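These are the structures in question, set out in turn.
In what follows, chain A forms one complex with chain B and a second complex with chain C.
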Partner chain A sequence: MFEYCADPSLLSDARWMMCYLTSPKHIAFYYSFGTVLGLLAITAPCALLLGFGGAVAARSLFWPLRILGKAYTSMVRGIPDIVFFLFVPIALDQGLEWLRHHAKCSDWTEPVRQGNDFVVCPQAKLPLNSADAWVHDAYSVFLAVLAFSIVFGAFAANVLIGAMNAVPRTQIETAGAYGMTRRQSFWRILVPQMWVYALPGLSNLWQILIKATPLLFLLGIEDIVYWARELGGSKTRTFTYPHPDWRLYYFLVLLVFYLALTNLSERFFQRMMTRLSHGQATLGGEALRKAGKGGAAA
Partner chain B sequence: MSCWQTVQDYGLRAIGIGERLLPRSDITLCEQFTLIGSGLIWNVYFGAFALALGFCLSIAVALGKASSNPLLRKPCEWFIYLFRGSPLFIQFFLAYEAFVLLPRNGIEINLLVTQITAETGWLTKAWAGGVIVLFLNTSAYAGEIFYGALRSVPKGDLEAADAYGMTGWSKFRRVTLPSMLRLGWPSYTNEAIFLFHATTLVFFSGFPAWRQQGDALYYAKYLADKTFNPFVPYPIIAGYFILLTLLLIWGFGRVNKRLNRHLTPETRPRLKLRLQLVR
Partner chain C sequence: MKKSFVIAATAFALSATAVTAGDVVRMGTEGAYPPFNFIDDATGKVAGFDIDVGNELCARAELTCEWVTNDWDSIIPNLVSGNYDTIMAGMSITDERDEVIDFTQNYLPPEASSYAAMSADVDLTGAVVAAQTGTIQAAYVAESGATLLEFPTPDDTVAAVKNGEADAAFADKSFLEPFVSEDPDMSFVGEDVGLGGGLGIGVRESDGELKAKLDTAIQSMKDDGSLNALIEQWFPGNSGF
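Take a look at the complex of A and B:
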């Protein structure tokens, strides 16, 4: 980065540190913080969408759909989430390849599972062997995002079911009395009102999601944990920047990063709750009214 | 080889009893069930120890956070903030690296009369290091739960205790503590379930599995990698954990019943299967 970094072994301590912290590998480390934030930004809406679908399915009048929704929402209560993180990517990968195998190579006679191997024809490979490296990377990130979305969708479905049940029943009945259909009362009465009940659960879920992102490392993504281990490990004389085992300090940096992230989001959700509680017939809304802020717009 | 033979060979593999070599080829369904089940010993060990120790510390932390003395309150608040605000995965890594950095041949502690050497090597082993991290983590989460419960102990209960002339320890033990536990118990059940789920992280976060003695997920991943078929070992471990969760809910439900036995049946809070999320 700087000109004087050409030969680090001659540098003084402060300059050595400057050069060390701006080496190309460290730049990649700083970018990986962006990877984590990007994953959060993509996963949160996906999970919310899946959760909404799960909650609607679990309340459905059509029983097969209802059972499916209930199974989806309750699976995360009994099974550790990390099992899903390990299972979903490889299962999806094999499932997709199996489907493509049957679609593209119907003349292939050998079985797909041969002992301990999973063999599909070359055209069915995902991504294709001839694809660029970035396609392979993007594919693994895609699978990771999907695994996260499925697990957190199930958590979100739990929260949203609770919120839907918390909307006063009389309101739905009133909607029915006005001649609204089930669909109309759902979209016009239930959905707009459920968010204030869902917010505490969703903010909690967001915190859990933040705290689950280091697990990306287990899925083979080059995230901050990967780089912290990579850069922190002791480097011998053969490296440009030799140093002893510094992993403890790298992990301390990660700890501070996560503490800051959870702290910031907690403040954000507190402000949002205050805004949403204005004029609501809830305890929070009542407290705001008593404090004399009830009528004023925030 | 019969299934019973497999159970004898691998049933206690996770704690080093039985066959040394893990199955490599032609892995049967029986072997998968047995190995993953044997790994569950570790999960139960981690969970039970962390829960038992954490229960005591969490009450202390809750009382500390509710204390009016800032010298007591601030450390408790920071402790809870630190462990609830950061990922457990990072905590495991951090603890492991910190334990590794401790001097290998022990710390010499100079007592006035004698010299004692505190061994530190055992801290880097999963059986001790994993439990320590889980213990501190669950203490923070449960501490926050019990702090919330402590704040919602009915005022009337405390006034009644005053009227009976109770003070100090006897008031705490007979009135405050039972009410606090009763109110916090549904959330605490939830925390216990998630704690048992979190035990699967130990062997994936720095702590090495010595002689391939790992927990249920360690073996499930081993088998999935060896057979390249995730559709058998992961559902097996899922089944085991669902059973473990149901067992926990049953056990905590019994305690819940006992804590609420003085209430009329209509006002007793039921421990519902629909749990709110705490983590």
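Take a look at the complex of A and C:
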């Protein structure tokens, strides 16, 4: 980065530190914060959508859909996360490659499974061997997002089912009395009002999701935990910047990062809660009404 | 019908080219085992003895190669499931691994493994010895009667000795040597042990063609002395071979 970084062994401490902290390896570390935040930003809406679908399915009057919804929520919640994270990406990756193999290489007569090996034709590889490194990275992030969404979607579904059941039944009955169909009363009465009941559960899930991002490392994605370990480990003279075991300091940085993220999201959920409580027949809504802030809308 | 299918499949397997010309060979490595493979500060990419040898082999076999890092723990499963095509990660040829994957001929002769400890008078038979999970060194310690303490990365094993969690770390001598020479409190203890059949390149058992190409390339590097030059460059003055 800086001209004088060419031979770090000659530098003074401050300059050495400057060079050290701007080495390409550290730049990759800084980028990985973006990876983690990006993953959270994509996963949270996906999981919420999946959870909503699961909740609707589990409450459905159509029994096959109901069984599907219930099976999804109870199965995924019952399996340890780590097993799921090891299983989903591998199974999904091999499943997709297997499908592509049959679609693209129908003249290929070798078996896909040869002893321990899983062999598909080169054109069926996902991503292709010749693809750029970033495509490979994006693909593993995609698999990670999917695994996270499936797991957290199941928990979100359960939270949303509870929230839907918490909306006072008289509201739905009144909607029926006004001549609304089941679908209309679901979208116009139930869904807008359930969020206030769902929010505490969902904010919990979000916090757990934040804390679960180090699992990315298991999926081979070079996230902040990977880099903190890699950079912090003691470095001998084989490296350009030799130093003793500094993992403590790197993990301290991660600690601050995760705490700051938690604090920010806590504030966000506090605001959401105030907004959603307006005019609700809950303790929070009542408090707002007494403070003279939310009565008119009700 | 079925028989003719089997014959056709065998014929096809013999003629099939697993690696077509111009296709990219993905080379798996760990990136945490200096001087064999590590992430270079100056470039942020993998470097080391494995990488130098691998790049030269690829040039000789006329393959386009790309390096991929993978956790040591899952490095063999990810090879057989096709995430990359070779393993060059300071991996010794052993019978156990050979049952799951194939190895080329060795590109580094069997190297001595050593114990590094913070005090010279550690009794190795009753000591707590740190080694990396899934290595020949871990298997050896488990057999030796000492208490084995396993860690996911080689660096963790040295850290465990320094903070007193383990009495000694057991690893390839060329990995431990810089730690011992740079830390005055640390020293080699006990006898060196010869383990494994040298470092080989791991390939899928079904990938015979790639294995043959790499074998030929390794032989040519051995014949013209360029492999020895690289060994001399990365392991200067190492008498462990």
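Please note the rule applied: the second predicted complex is superposed on the first by the 282 of 298 C-alpha atoms of A that agree within 3 Å, B and C clash if a C-alpha of one lies under 4 Å from a C-alpha of the other, contacts with A are read in each partner's own complex, and residues count from 1 in each chain.
Everything that follows uses one rule, which is that a contact is a pair of C-beta atoms (placed from the backbone, for glycine too) under 8 Å apart; a residue touches a chain by one contact, two chains touch by 3 or more.
Small disclaimer: the values here were computed from a predicted structure and weren't measured.
Participant: Once the structures are superposed on A, label A:64 by its partner contacts, choosing first (chain B), second (chain C), both or neither.
Facilitator: neither
Participant: Have a look at where A:94 lands relative to chain B and chain C in the superposition and call it first, second, both or neither.
Facilitator: In the superposition, A:94 contacts both chain B and chain C.
Participant: Touch test for A:117: chain B only (first), chain C only (second), both, or neither?
Facilitator: Both partners.
Participant: Based on the superposed arrangement, let me know which partner A:179 touches: chain B (first), chain C (second), both, or neither?
Facilitator: Touch partners of A:179: none, neither chain B nor chain C.
Participant: Quick one: is A:28 in contact with chain B, with chain C, with both, or with neither? Answer first, second, both or neither.
Facilitator: The answer is second: A:28 touches chain C but not chain B.
Participant: Residues of chain A that sit at the chain B interface in one complex and at the chain C interface in the other, please.
Facilitator: On chain A, the residues that contact chain B in one structure and chain C in the other are 90, 94, 115-118, 217-218, 229, 245, 247.
Participant: Can you list the chain A residues touching chain B in their complex?
Facilitator: Interface residues on the chain A side: 74-75, 77-83, 86-87, 90-91, 94, 113, 115-118, 155, 158-159, 162, 201, 204-205, 208, 210-215, 217-218, 225, 228-229, 232, 245, 247-248, 251-252, 254-255, 258-259, 262-263.
Participant: Going by the contact rule set out above, which residues of chain B touch chain A in the complex?
Facilitator: On the chain B side, the touching residues are 25-27, 81-82, 84-91, 93-94, 97-98, 100-101, 193, 197-198, 200-201, 204, 217, 220-221, 224, 226-231, 234, 237-238, 241-242, 245-246, 273-279.
Participant: Residue numbers of chain C touching chain A in their complex, please.
Facilitator: Listed in rising order, the residues are 5, 8-9, 12-13, 16, 18-20, 22-26, 31-32, 34-35, 38-45, 64, 66, 68-71, 74, 78, 80-82, 85, 100-101, 153, 155-156, 158-159, 162, 178-179, 182, 204-207.
Participant: What part of chain A is in contact with chain C in the complex they form?
Facilitator: By the definition above, chain A touches chain C via 20, 23-25, 27-28, 90, 93-94, 97, 109-111, 114-120, 122, 125, 129-130, 133, 136, 217-218, 220, 222, 229-230, 233-242, 245, 247.
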